[in-house]
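Order as written gives the chain letters A, B, C and D; numbering starts at 1 within each chain.
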Amino acid sequence: MSGNDINRRDFLKFMGLGGVGAATLSGCDMPTTVTLEEGKEKVVSYLAPEEYVIPGIGVWYASTCQQCPSSCGIHGRVREGRVLKVEGNPESSVNGGGLCQMAHAGLQSHYNPDRLRKPLIRKGGTLTEVSWKEAWAVVEEKLAASDSAKTGWMTGTVSGHQAVLLDALQEANGSNKHYVYEAINNSVGESVNKAMLGEATPRYRFDKAQSILSFGADFLGTWVSPVHFSKEYAEFRTGDRGVLMVVEPKMTLTGANADFWVPAKPGTEGVLALGIANVLLTKHQADAKLLPASVRKLISEYNVAKVTEVTGVGGDSVVKITNHLKNHAPSIVMSGASAHEHENGYFNATAAMVLNILLGNVGKTIESSGAMPDVKLASKTGSSSAAMRLAADADKGALETLFITGANPVFTVPSYVGLVDKLAKVPFKVSLTSFMDETAALSDVILPLLSSYEDWGTTAAAYQPTEKVIGIQQPLMQPLYAETKGFGDVLLDLLKIQGAEQYGAYTDYYSYLQNALYSLPASVKQGLSDADFWHDSLKKGLIKVGDAKGSLSVKTIDLTAPSFEDNADFPMVLAPSARQGLWDGRLANIPWLQEAPDQITKIFWDSWAELHPSTAKKFGVKEGDVIQVESDQGSIEAQVYIYKGVHPDVVAVPMGQGHENYGRYATNLGVNPLKILSPGTDKVTGEIAAHATRVRISKTGKSSDLARLGGSETQVGRKLVSTVSADVFRRTEGGGNVA
Amino acid sequence: MKRYYIMGLFSNFEEAFAAISDIRDHKVPGVSVDDVTLKSPIEHPEIEEVLGDRGSPVPKFGLYGAIFGMIAGFFFLASGQATFLVQPSGGKAVIPLPSNIVLAYEMLILFGVLSTVIGFAIAARLMTRRHPLYSEKVSLDQIGVMLELDEKNVNLVKDLFKQHQVLEIREEVAS
Amino acid sequence: MQTKDINENIAWAKINTDVLRSMENPRMGYWIAVVACLLMVSCAVMAEIYQYQVGMGPGNLNWPHMWDLYIATFVFWIGMSHSGTLLSAILHIIGADWRKPIYRFAEAMTTFSLMTAGLFPIIHLGRVWNMYWVLPYVSDRGIWPNFRSPLIWDAFAITTYLTSSALFLFIGMIPDLAICRDNARGWRQKLYTVLSMGWQGDDRQWRNFRKIYLLMACFLIPLAVSVHSIVSADFAMSIMPGWHITSFPPYFVAGALYSGCAAIITLFIILRYFFRFDEYMTIPILEKTCKLTFAIAMVWSYLTLIEFASVWYGHDPVAKEALVSRFVGPYSPFFWLMLFCGIIVPFALAVERFRRHLPTMFVVSILLNLGMWLERWMIVTPTLATSYYPFAFDVMWPSMVQWAIVFGSFGWFGLLFLIFVKVFPCVSMYEVKEMVFHRRQHNSPEIAKQFHRRASDRQAGDEQPSTGGA
Amino acid sequence: MSLKNVLENWSDYRKTHEDGGHHDYEHMWGMVVDLNKCTGCNACAVSCYSENNLATVGKEKMGKGQGMHWLRMERYWDEPNVGGDEKEFHERGASFLPMMCQQCNAATCEVVCPVAATYHTPDGLNAQVYNRCIGSRYCSNNCPYRLRYFNFYSYYEDAWPEPLNQQLNPDLSVRDKGVMEKCTFCVQRIRTAKDTARREGREVRDGDAVSACAQSCPTKAITFGDLLDENAEVTKLWKFHQVELGKTKQDKANKELRGYRVLEGLNVDPCIMYLDRVREV
């Protein structure tokens, strides 16, 4: 029946149909089916499933995700002025249509019940809610009183016009103290890339590669730009399917998808790489001339036997990996956190890159990703050494004012650094954040920011291989709370305080941004008028500012043999693994992510300690037992999860839990492994050696069931998932005959 | 001519039995055994040997009730299902025989039982006023033999009862 | 301990007085029992109110343990209800007169355990307030229940069974109600006058009475069998390993008779003790019941074993897994206890010395029923714990809420029964009279012969046999 | 309800699933999940939570097995006989299996629901009618995949404290205690697609309706579409892998093709085809 001739009887039918009736009257849309199949006579309201509810029509707005630094493009579905769902922006060169779980959960950090609704200032030691005006007055007064040259900014990864304004502000302050801090970073890798290839983030051609060897680079989970790599990984796996090999102390999401997964003794990844190089040179006649003599000499020392002795990786495995790399050329060798975060992290990363050179991957599967045309917009990627620098500066009184945003160092920086005490020496600390967290709790003024779905901004992803784009961060809905302000606006206001008159013209960040985009080169605007260009950009959610061009210049650098000593008191090594979900802990206050089980262990709402069965046997612990993990800096307690995805000498505890002050969903849940890290930094870059802490474990006698999903670790003989060999796959679906 | 109800109470079944046998043997002219009603505390199937088989309609009620229940039951379900096509298919037919047979079976028994009970209530004249000559002794341990007869025969029957050590004789004018 | 059978020369008046006495001025013990039952019921009621408010969660029901004690206990009570009617009906048809003193309370038991069982599917619903949706009423929206669902079959079967067995109980009671009517005063008289439906014991009534009683017995036997088969269909008709078993219908029926007989023994002993019914509920009758129970126990044991065997030979890995998990899995202690109570304990019934010793029999009968209850639990739960889908394996233990409701159901049953014994005669007076009457005839052939002579050659008898009455 | 109706259409009403059932399907929504591409990253699961108003129940209840994960990402380790455990490590990684309602065409859950609260729509969907459900939970017991989830509490009461409730999707209801629920293939999205197509006066095209999980998958491991639509990606994939509906055992010309349906042998005829996981040996 059609809607425009509703007689009384039909009308009553509609009313009987509940959802349909209501929806129809509210004129959303006409139902395609009024009653069930032969329901010409009948009204079958109780049997009207969801499908007979008439969906409203949502409006999709493009924006950019701020949940993690890789800044994917998103579309937000808006109805009645509320954003309900986010999906990947197909236009985006970063993520295509896809998104990770953290991006989806952005909704819950936006609507989070624990968001700060009003500014807080410290009155007599306690933080008390005040109006924005009042709080801002305090900031102005303090800034006037302090030496602007001693103003420091600690931020997470920043890019786009926020970065531009921040630079301008620091310039006006006459200060260079900008600490870009990310607990989960690739900064060792970046510096090695810079040194050896001349580019911090080159482009990895998964589509071309036939094999990938990853030393702890969890590119499907937490490494650089997970969603982008997942997309590439899909290509890598289809057609002429590539081989993925992973070497890491604890199985990450990437490791779980590997064809061949093997753990090396923590820190010895570099040695393994050299061992592989050795096999390549001796067995596979790789072109040795690519490497300087010193390196060749070092490689020759690491024959298979030596490597096995040092790394604990069986000789057959070394050969197997080498064969795969050779037989499935071209290949990519990459390294990540668990290889980098050691005192010899730089060595490990370099050794991995040496393999790339030796395999002739550079230029083939590792290409230049070019640079942002406007360098000022480029992404400032974070490092953990930044936190050390901050601590040092604060300690020696080089900071009078400190602004902190997008980072929670008090939670993520190891306690041996003593950041809390050192920050206490900074007279005036301002937190720009949406949530009360451990760091904000220490500051004197907390300015609540708009959520990323309410704020304006632009971003330039650190890793954008194909083309350089500026991602538009556009509000998906009106701000929920009046007393909150956008990051850009705050920066502008601060600039105005500093009397940087060229910014006085802008009433707010929006107008600044608009103006900034207008002033982009005509080539970028593709001849559109300013207004059209603006709307076009908002519609697309991104602005293409030129293709990735440039080339890599290969430089090999000297390697010095590392030395590894055992520690009798602390026989094991702690692996504070990053889990895609809670990230470094900033997303721990999102119920969806807490309830979504960890990909590997399937544990939710908690922390745990992963042990290898042999280790568990040695210590006589079984699944669910609570063990104490003790380093020279302190100890934590967690329940044991036992599986064969972790090195026997390693106890892996995921980071992200153990918050003391981070809202109802995160507080007092699990433990924070970063707290017990012992001193140690990478010799070259000064990055915190987070994966190098030696620990010992002991039983506490406590035990209870793990909070985990799933009743069985295996399929118990049912054919739920069966595995076919890659050869079969290549035969049936490889090459031409793709499904 | 007036008609009388007369009832003799006997202390045991044998006496009553003898009395009825005599009546059947026409010891009393003009009194037929068909006028006799036996009232007893327990069931006496053997009495039918003398009273003659008086039959009972109850089984018929049971049979017809059952048949009705089965057929009506099945079609009740079937027609219900046939107008309710939306109901879960689960790969099964709209009118699935297995379940309908099971349910029809239950209906068969339900209606069988109900109509039997109704039949009983009707045939046994339940829910009617008790006879004026009803004696509580009957529900205890005595046997009552009751006749409906003409005035002239009353005394003859009384004599007959007395022959059989009747404990008590009651009479009542039939209205 | 007197072991002699019922005295055939017992005065009929005494029968009346004894039975009627049992219905009046309850003693202390009775009131204590009533209070105890009330307390048990109130536990259940409180638990149910809580569950109604909060949801099924507090019962520890979870994914995949969607069913648990409620359904198990439902099956248990349904089973309990079987013996009463079925035994009484069968024994009536085959004319075993020893049923007469005991069938009345057995049938009452049937009715009341059905009334208890009926509560459980309702309690177990997530949205109790919509329970009437399972009834096939004609709705102007053209909605029907799903007649394919074994749960609907349950609804039909149980309604039918409850109606029929209640009627069976009532019809069989009419002559006794007449006796009550004639002896009672006050409200009781009014009540019995109505209930006895003008019974005056004339031959027409007796004749039809005989017919209907036989006929209903014939209806009830197949009904009882079908009812428990249908209950077993809840499981057998599903596709779950450990449930989807062909031998379930007979298995359930046997289990039902088994638990029912055990319950009869229990109640037999209780009634005999409290109402001093030694003369009617005699040891020989108990012994007969015990023998019957033993026979059924053996049938049940056989079916249990054959179930295992058929699953084992069926060689479906998943079904096998489910079976093995019962023997060695987390629930195995209860499973073994069930096997012990169900298969080993009944052999006590085969020993005459035990059979004649009431306390022993009491304990044994309780154990048997415990076994039967465990059987139901061990059918429902282990299958849910392990089935086709490994990811959903789970071990769940019911919480206090569930236990309280199960516990309370026994109180509810007890309460109904206690009320019954004080309002209705729990020994059939007229049938005990018939029993002694026919025994006497049987034991003195010349009387029978004489009847026959009188009936055939028409002559007044001369010699008078001893009077039967008071 | 009339006797006439019964007798006239008797043969029609006696059609079982094997004879095509009594529905003439307008659509047959189906899915393909490529376990070679799936990385087990959980994006689909969280996307499902945000699309379908799934309540988060907290650690205690989740631990008790009272969670509401319509789409659960399952992880299995290789079994000893599959080249796993006699090795020292899980060398071949894990097996991930995203499991959502299989929308069986011969669904065992449908048969046993006493009040017809779950049934098969002309779209080939296994619909769950919340307001008809009385919570007998028989369907969940009879689902071989254990893919039905029950509202053991009134989760909505504390799952969405202000202003989290503003995120709730108005296109579908929030379920109260005592109701069974499960994956609907994002039926509200299908509806939107159908209505749009209708407004534009055309047939529903492939890609008009995409379930939340399929949309959000970073590796595009999930393909969603109408199996009756010849040009749909899913249909092509099913054809390529020689998997057909209505079979308990697929007789493939090429035995090496990866397509299979989970627990196919039970003859529940699921509408989701999985593609085997692939590993280098």
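Just so we're on the same page, contacts are C-beta pairs under 8 Å (C-beta built on N, C-alpha and C of every residue); 3 or more make two chains touch, one makes a residue touch a chain.
None of the values given here were measured: they were computed from a predicted structure.
The most centrally placed chain, judged by C-alpha centroids, is D. Should one ask which of B-D and C-D has more C-beta pairs in contact, the pair is C-D.
Subunit A and subunit B have centres, each the mean of its CA atoms, that are 89 Å apart.
Mean C-alpha position of subunit B lies 63 Å from that of subunit D. Subunit C and subunit D have Cα centroids separated by 45 Å. Chain geometry summary: the mean Cα position of subunit A and that of subunit D are 30 Å apart.
Counting partner chains per residue, subunit A has residues 37, 39, 42, 44, 46-47, 710, 712, 714-718, 720 touching two or more of them.
For subunit D, residues touching at least two other chains, in rising order: 1, 23, 67, 72, 74, 76, 108, 111-113, 116, 119, 132, 263. Touching of two or more other chains is recorded for residues 142-144, 146, 148, 152, 388-392, 394 of subunit C. Remark: subunit B residues 11-15, 17-18, 21-22, 24-25, 37-51, 54, 56, 58-59, 62, 66, 76-77, 80-81, 83-84, 87-88, 90, 92, 96, 99-100, 102-103, 105-107, 109-110, 112-114, 116-117, 119-121, 123-131, 134, 136, 138-142, 146, 163, 165 touch subunit C in the complex. Listing the residues of subunit C that touch subunit D in their complex gives 54-57, 60-67, 121, 124-127, 130-131, 133-134, 138, 142-146, 148-152, 155, 234, 237-240, 384, 387-392, 394, 396. For subunit C in complex with subunit B, the residues that touch the partner chain are 11-13, 16, 136, 142-144, 146-148, 152-153, 156-157, 159-160, 163-164, 167, 171, 174-175, 178-179, 181-183, 197-212, 215-216, 219-220, 222-223, 226, 230, 233, 430-431, 433-434, 437, 447, 450-451, 454-455, 458, 460-461, 464-465, 467-470.
Across the complex, subunit C meets subunit A through its residues 141-143, 317-318, 321, 388-394. If you check the complex, the residues on subunit D that touch subunit B are 1-3, 5-6, 9-10, 12-18, 21-23, 105-113, 116, 118-120, 269.
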